[in-house]
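First chain A sits with chain B, and in the next complex the same chain sits with chain C.
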Partner chain A sequence: MKSNKAKPGALKKTMPLLILAVPGLLYFLINSYFPMFGVFIAFKDINYAKGIFGSDWVGFNNFTFLFQTSDAWIMTRNTLLYNLAFIVFGTICSIFIAIIMYELVSKIYSKLFLSGLVLPSLISMVVLSLLVFAFLNADSGFINHSILRPLGIPEINWYSEPKYWPYLLVIIQLWKTAGYGSIVYFASIAGIDKSIYEAAKIDGAGKLKQIRMITLPLLKPTVIILCLMSIGKIFNSDFGLFYQVPLNAGALYSTTQTIDTYVYRALMQLNDIGMSAAAGLYQSLVGFVLVLVVNAIVKKINSDNALF
Partner chain B sequence: MKIFKKTMTLLLATALCGSLLAACSSSEPSKANSNGSSGGSSSEKVEKIVFAMPSFNRIPDDLSVVTDAINKITVEKIGVEVDFRVYGPADYAQKVNLALQSGEKMDVFTTLGQFTSYVSKNQVYPLDDLLPQYGKEMLAILEQDFGADLLEATTMNGHVYGIPVNKGMSLPPSFVYNADMLKEVGFTPNDIQSVDDLQKIFEAVKRKYPDVVPFGPINVNPSDTGLMHLLKADNQVDFLTDTTGIGVVIGNDGKVVNFYETDAFKKGVTMVRDWFNKGYLQKDASTTTVLFSEMIASGRGFAFMGGYSGMESAKALSAQMGKNVEMKRIAPYYFDTNAVNLVSWMVNSTTKAPEAAVKFLNLLYSDKDLINTILYGIEGVDYVKVGEHHMKLPEGKDANTVSYTAMLSTGIVGSESLQYQLEGVSWSDVELKLKENKETVRSPYFGFIFDQSKVKAQMSAVNNVVNQYLPGLVTGTLDPEIAIPKFVDALNDAGAQTIIQNKQEQLDQWIAAHNK
Partner chain C sequence: MIQTRGERAFVIFSAVVMSLLTLIAFLPFILILVASFTDEVALVRDGYRFIPSAVSLDAYLYMKASAFTFIRAYGVSFLVTILGTVVGLLITSMLAYPMSRKDFKYHNTLAFIVFFTMLFSGGVVPSYIMWTQYFNVKDTLFALIVPNLLANGFNVLLVRNYFKSNVPIELIESAQIDGATEMRTFFRIMLPLSVPVLATVGLFMGLAYWNDWINALYYITKPQYYGIQNLLIRLMNNIQFLKSSQASNVLGANAVDLPSTSVRMAMAVVGILPILFILPTMQKYLTRGVVIGAVKG
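Up next, the complex of A and B:
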C-alpha cells in the first residue's frame, strides 16, 4: 500500500525532467530506433518488382564487397588511425583551449576568443575544401607560391603526394573542431568548486600545479564520457573531410580512403541499397562492440567513470 | 526501479503515438492516387501518367502553362494526361530513384548511362508486347533515322526495356582548338589528320605562347582527356556495356580482355605521358577542378579532345567560350551497345498504366508539336518559329528570361529530326548526323548487354581501382611504365578476372544465340 502511494509522488517529481527529455527521446526514436527496423535490407538482394519484403535473402553476400580487395585493410586502417588521432589530439587541444580561456582574466576576451574558435566548425566542408585548395594549389597556392618558391625550396604537388595527407587532414580536422569541442570542457571547468582552488592557493600551489592537481583530475569523467562516445563512431568518418578536402584525387587514395568514401565510390555506379545497408550495419556493429569493450576496460580500472 | 518502469511505460506510449501518427500520414498519398483518374473531356477514360525530364536550363517554378499545352496534345490524341516534372541534371537521377524506391508515382523516366542497372533491378517494364500495337509511329521513325537495329541496344533476355533517344549518336573523336592560335603558329586545319599530328602543333604553340597550356582535360573530377574515347574509336574497342574498361573486345575476335593490359592502351597513355613530360599539360591535370574550356575562354589554354556529333558543335563552343573555336575530326566513331543506349527512356515496372506510358512514348518520338512544346514551350510566347525547321527566342529574351525553355535538353528528348533547330544551325547538319547514324561501323557485338548482377562485389571494387589510377594515366601525370603494372595488379586483386570470365561466358552465349 505504502509503495503504491509513493509512486505518483515520484512521478510528479520527475515529470518536469521527463518532459524536458521528450524532444530528445522523440528525436532518437524517429531518427535512430525506427530506421533500425530496416536492418534486414542488408541481407537482401533488392528487387523492385518483388518489393522490399519479397526480395530474396542472400545471407552475407552484400558484405563481401567490403572485403573484396586489399583496399579493405587500407580503408579500415585509415579510418581507425585517423579517428584515434582525432580523439587523442582533439581532446588534448580542446582541454588546452578550455583551460587557457578559463584562466584568461578578462571574461569578455575569453568569450570573444571562444566564439572565434567555434567559428571554423560552422564552415561547410565544401567551402573548407576550397580554402585548403587556395593553400595547396600546385601553381598559385599560398604555400607553393608565397612560401616555398621565395625560399627556393622545391615546390610540392600536394594533391598527388599521399605522404603529406595524414598530417594535413589531422591539422584541418583540429582547426575545424577543437574550438567547438572545448566548449564542453570549458563548462566543466567552470563547474568546479572555486573553494578547492582557493584552498590550494593558500597551501601554496601555483597555477600550473592547480591545473595539474585539480582541473585535470576533475575533468577526467567528462573526458572519458566524450571519448567513449567518439569511440562508438570510430568506424565512421567525416565524408566531407575525406572526400571533398582532398578533391577526390585518385593519387591520394592510399592515405585518404576511409570506409565511407570507399562505400560511396564503389556504390555510386551500382546504386545498390542492399550493399550500402550492409556497409552501414558493419560500421555500427563494430562501433557498438568497441564501446562495450572500452567501457568494460574503464569499469575494471575505475568503476565510477564507466558509462554503464 | 518503479520509477524506471513508469518511465518505460511512458516511453512506449510515446513510441506508439509516434508510429500511429506515422501510419496516418503515410496512408494519405495513396488515397489521393486512387481517385486520380477522373476528369477528361472525351468519352474514353483519360489515364494519368507521370513523366520526368532532365533539363539543363533554368527550371521555372510554375510549369502549369506548358503542362496544359502538353496535355492539350496528349489528351486529344491518345487520351493520356501527363503530370510533367522537370528536374535539373544534378538531382534528376536522385529524384527518380527516390520515387522508384518509395513507390511514388513515376511512369516514364530516362537515365544517363544507368540503363543496365535499372533493368537488372527489375525497375523497368518490358515493352516488347506493347510496342507493335501502341508504338507503331515511333518504331517507324527509329528505323528511318537510325536503323532497325536500334532497339537491340536496349534488349535484354529477349525483352525491350527502353527506347534510346533518337538523335545523332555518332560522336567521332574531335580535336577542339583555338583557331586563331593555330593560325598564328603557322598551321592549318588540314595539318591535323590524326592524333599523331598533334605533337608538332603543341610544340609550336608552346614555343610561341609560353604562358598558354597547349592541351587539357575536357572533363574534370575525375579528369578525362578524351583519350579513352579516342582509343575506343581508333582501335574499334567494344566496352561491352560497362564503362570501367574491364572486359572489352578489340575488333571482332570475340575474346574478352582487360583493356588496361593491352598494347593499345599502353601506346595511348605513353603518348600522353610524353606530352605531359614536354609540358603540354598542367602539372595538376589529374586533380584540377578548372574545366579546360574555361582555360580556353580566358586565353590560357589551346585545345582539348572530345566526341562531337555533326560538324557544327564548334559554333556553340565558340559562343560559350567567347573565342574562335574550331574542331577537326581525328578518327571515325565506332558503335557499341553503350554508345547507343546511354540515354534511354524507360517505363517503371510498377506502373499502373503501361499502355498509356507507351502511347505517350510513341508521341514523344513521333509528334512534332509535342516534342517542340516540351523543349521550347508555347509558340509565340516562349519561342518564335522561323521557316520549316528552325526557331528563335522572342525579341529581347534569352534562355534565362523566357518563361519556359528546355532547349539544352535536345539531346535527351524525342527525335532530333523532328526538333526545331536554333536559328543559324544548318539543317544539313541534322541530315548528316542521321546519315552517320546509319553509316557508322557497328561492333559485331552490338546489342550485347552485360548482366552485372553476379559480379556486383567485384564491379564495385574495380570501380574504385579505376578511379584511383585512370585519371593519372590519361593525363600523363603517372608514368605508365610503373603505374600500369600496379594498376593491373590492383584490378586483378579486385576481381577483374572474375568479371572477364563472367563476361566471356555471357558473350559466348549471346553469340551462339545470335548466330542461330
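Up next, the complex of A and C:
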C-alpha cells in the first residue's frame, strides 16, 4: 500500500473522531439525505401495491396537473405575500421594540419586559390556536362578544370569512415573533459605541434625531442581512400558523393555503401523493435557488455574514 | 448625567410603550387563564372576559376526574422531550466536536454534509413514505422523537462554532499528550467547558419537542401516544362534535354538564406551565442563542 501522504498513525488519529461523528452522520443520512434521493417520487404515479420503485414513471405529469389547478397559483401567492408582510412589518416592529427597550436597559424592568415579550414565541401553535379561538370564536369570543356587540357592530363569523385572515395572520405572527425578533436588534444597538451618542448630544441632537441619524443607520447592515436571510426562506411557511391557527377551516383556504399546508392536505387528506410530492419538490427547488442567490448577494455586501 | 427634558420625555414614553406592549403580550394568556376558572354556563352566556361573571373550578375538577388521560399525555410529552433532548444533544455535540478540530482530516467534509441539509430538503412526501413504509414508525414513540427533530444542521453548527472559538486547541493537545483518548477529551474537557452552548441548544431542542404536534399529526393515530399538544387538538375537535350533537339534542343536558370550553382553556394553561417555569432561569441562554445564531449563521 502506498501511504506516502498519510503520516504514521494517521488512521489511529482520525478513527476515534470519525466514530464520534457516526451517530450524527447516520441521522442526517437517514433523515435528510434519503428523502433527497426520494424526490424522484414527484415523477412517478405512486402505487403502494407496486412499491415506490416499481411504480410507473409519468414524467412531468404531476407538475403539469399541479400547475393547471388554481391551487398552485393561490398557494404560491399566499406564501410569498405573507412572507413579505412578515418580513416588512416584523422588522419594523422588532426594531421599534429594540430601540425603546434599550432606553430601559439600566432599569430593572427590562428583564421583565423581555420575559413578557419572549413568552409568545415559546408557546406551541396549538396553544396559539386556542388563544386566537378565545378571541375569535363566533358565539362567545372576546371580539364578537365584548367588543363588537356592545358597540352595536354586526358580529363577524371569523372562521368562515377568508377576507379577514390576511390581516389576522399578520397580526398573530407579529404578536408571536416580534418580541423574540427584537433581541437581535437589541444586541446590535447595545454594541454601538456610546461616545457617538455623547458627541451627538453635545452637538444638540435630541433623542429622536439620535435614533434617526445614528441608531438606524448603524442597524442597517444587520437589517439587510437578516432580511436577505428571510428572503432566502420566502418559499417556506410555518405549517402550524396556516393550518392549526385557522383551525383547518375549509372556508378559509383561499387566504390561508400555503405550499406547506397544500403538501400536507394533498398527502394526508386527498391521498394524492403525486401532487403533494410535486408541490414539495417545487418548494424545495425554488427555495434552494433563492438561498444560493441570496447568499451571493450577502457575500457581495459583507462576506463575513455569508452562509458559505 | 443631566437629562434634558426631551430625554426624560423619551424615557417616559419608552416605559409607557413597553408596558403596553408587555400587556398586549400577556393579555391573551390572562384571558384563557380567567376562562379556565370561569363557570361554563357563564362562559357561554357572557363570552370570554377578563373579569369572570361566575368563578368555578369545574374545568380543573373535570381534568382531575379524567386524570388518567391528562397524566398520560403529560407523561408522553415529558418522556419525548427528555429523551429527545438528551439523545439529540449527545449526537449533536459528538458530531460537532470532530468538525471543530482543524487538525481532523475530514472536518470540512463533515461541515459540508451537515450544512447542505440546511439548503435543500427532499420534502415531506419522500420523508413520510420512508418513515412509514421502510421504518414502520406509525404509532410508536419513535415517531415522536426521531423524524426531523433529533438533530438539525443549525444546532450542530452552533455547537461547532462554540467549540472552535471557546475551547483552546492547546488544552486538547496537552490532554492528549497526557494520554487522554478522543472520547475522554470530548467528555471530560469539551463538554464541561461548553455548558453555556449546550444549555442554549438543549433549550431549543426541549422547546421544539414540548411544542411539537406535527410528527404526531403525520405518524400517530392511536390516542395513547398523544402528548399534551395533540390531546389539546383532539379535545378541540371532539368538543366541536359535542356541540353540534347538542344542537340536535342527541346528548341533551349532558353536554352542558361537561365544561367543554373551560376544559380546553385549562388544558392550554397546563400546557404552558412548564415553559413558564423554565423561562426565568433559561432566559439568558435563550437570548444568547438568538444572538449567536443570527449574527453568525
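Here are a few things to note about the model shown:
To be clear about the criterion, the second predicted complex is superposed on the first by the 206 of 308 C-alpha atoms of A that agree within 3 Å, B and C clash if a C-alpha of one lies under 4 Å from a C-alpha of the other, contacts with A are read in each partner's own complex, and residues count from 1 in each chain.
In the analysis below, a residue touches a chain if its C-beta (ideal position, glycine included) is under 8 Å from a C-beta of that chain, and two chains touch if they have at least 3 such contacts.
None of the values given here were measured: they were computed from a predicted structure.
Contacts of A:L122 after superposition on the shared chain: chain C is touched, whereas chain B is not.
Taking chain B and chain C in turn and counting the residues of chain A each one touches, the greater count comes from C.
Of the two partner chains placed by superposition, only chain B is touched by A:A138; chain C is not.
In the superposition on chain A, A:N302 makes contact with neither chain B nor chain C. Judged by the touch definition given at the top, the superposed model places A:N157 against chain B, while chain C stays out of reach. When the shared chain is aligned, chain B and chain C each come close enough to touch A:T14.
Of the two partner chains, chain B and chain C are each touched by A:L267.
Applying the stated contact rule after C-alpha superposition, one finds that A:Y253 touches chain B and leaves chain C untouched. Contact with chain C, but none with chain B, is seen for A:Q283 once the two complexes are overlaid on the shared chain. Annotation: chain A residues 10, 14, 18, 25, 30, 33-34, 46, 48, 133, 139, 247, 267-268, 273 touch chain B in one complex and chain C in the other.
Every residue of chain A that touches chain B in the complex is listed here, in rising order: 3, 6-7, 10-11, 14, 18, 22, 25-26, 29-30, 33-34, 46-50, 61, 64-65, 68-71, 133, 137-139, 157, 159-160, 247-251, 253, 262, 265-273, 275. Chain C meets chain A in the complex at residues 4, 6-7, 10-11, 13-15, 17-19, 21-22, 24-26, 28-29, 31-32, 35, 43-49, 90-92, 94-99, 101, 104-106, 110, 113-115, 117, 119-130, 133, 146-148, 150-151, 153, 156, 181-183, 186, 207, 210-214, 217-218, 229-230, 232-233, 236, 261, 264-265, 268, 271-272, 275-276, 279-280, 283, 286-287, 290-291, 294-295, 297. Listed in rising order, the residues of chain B touching chain A in the complex are 2-3, 6-7, 10-11, 14-15, 18-19, 22, 97, 100-101, 114, 117, 121-123, 221-222, 243, 282-284, 286-287, 289, 349-350, 452, 456-461, 463-465, 467-472, 477-478, 490, 493-495.
Interface residues of chain A facing chain C in the complex, by the touch rule stated above, are 10, 14, 16-18, 20-21, 23-25, 27-28, 30-39, 41-42, 46, 48, 52, 97, 100-101, 103-104, 107, 109, 111-120, 122-127, 129-131, 133-135, 139-142, 144-146, 175, 179-180, 183-184, 187, 206-208, 222, 226, 229, 239-240, 244, 247, 263-264, 267-268, 273, 276-277, 280-281, 283-284, 287-288, 291-292, 305, 307-308.
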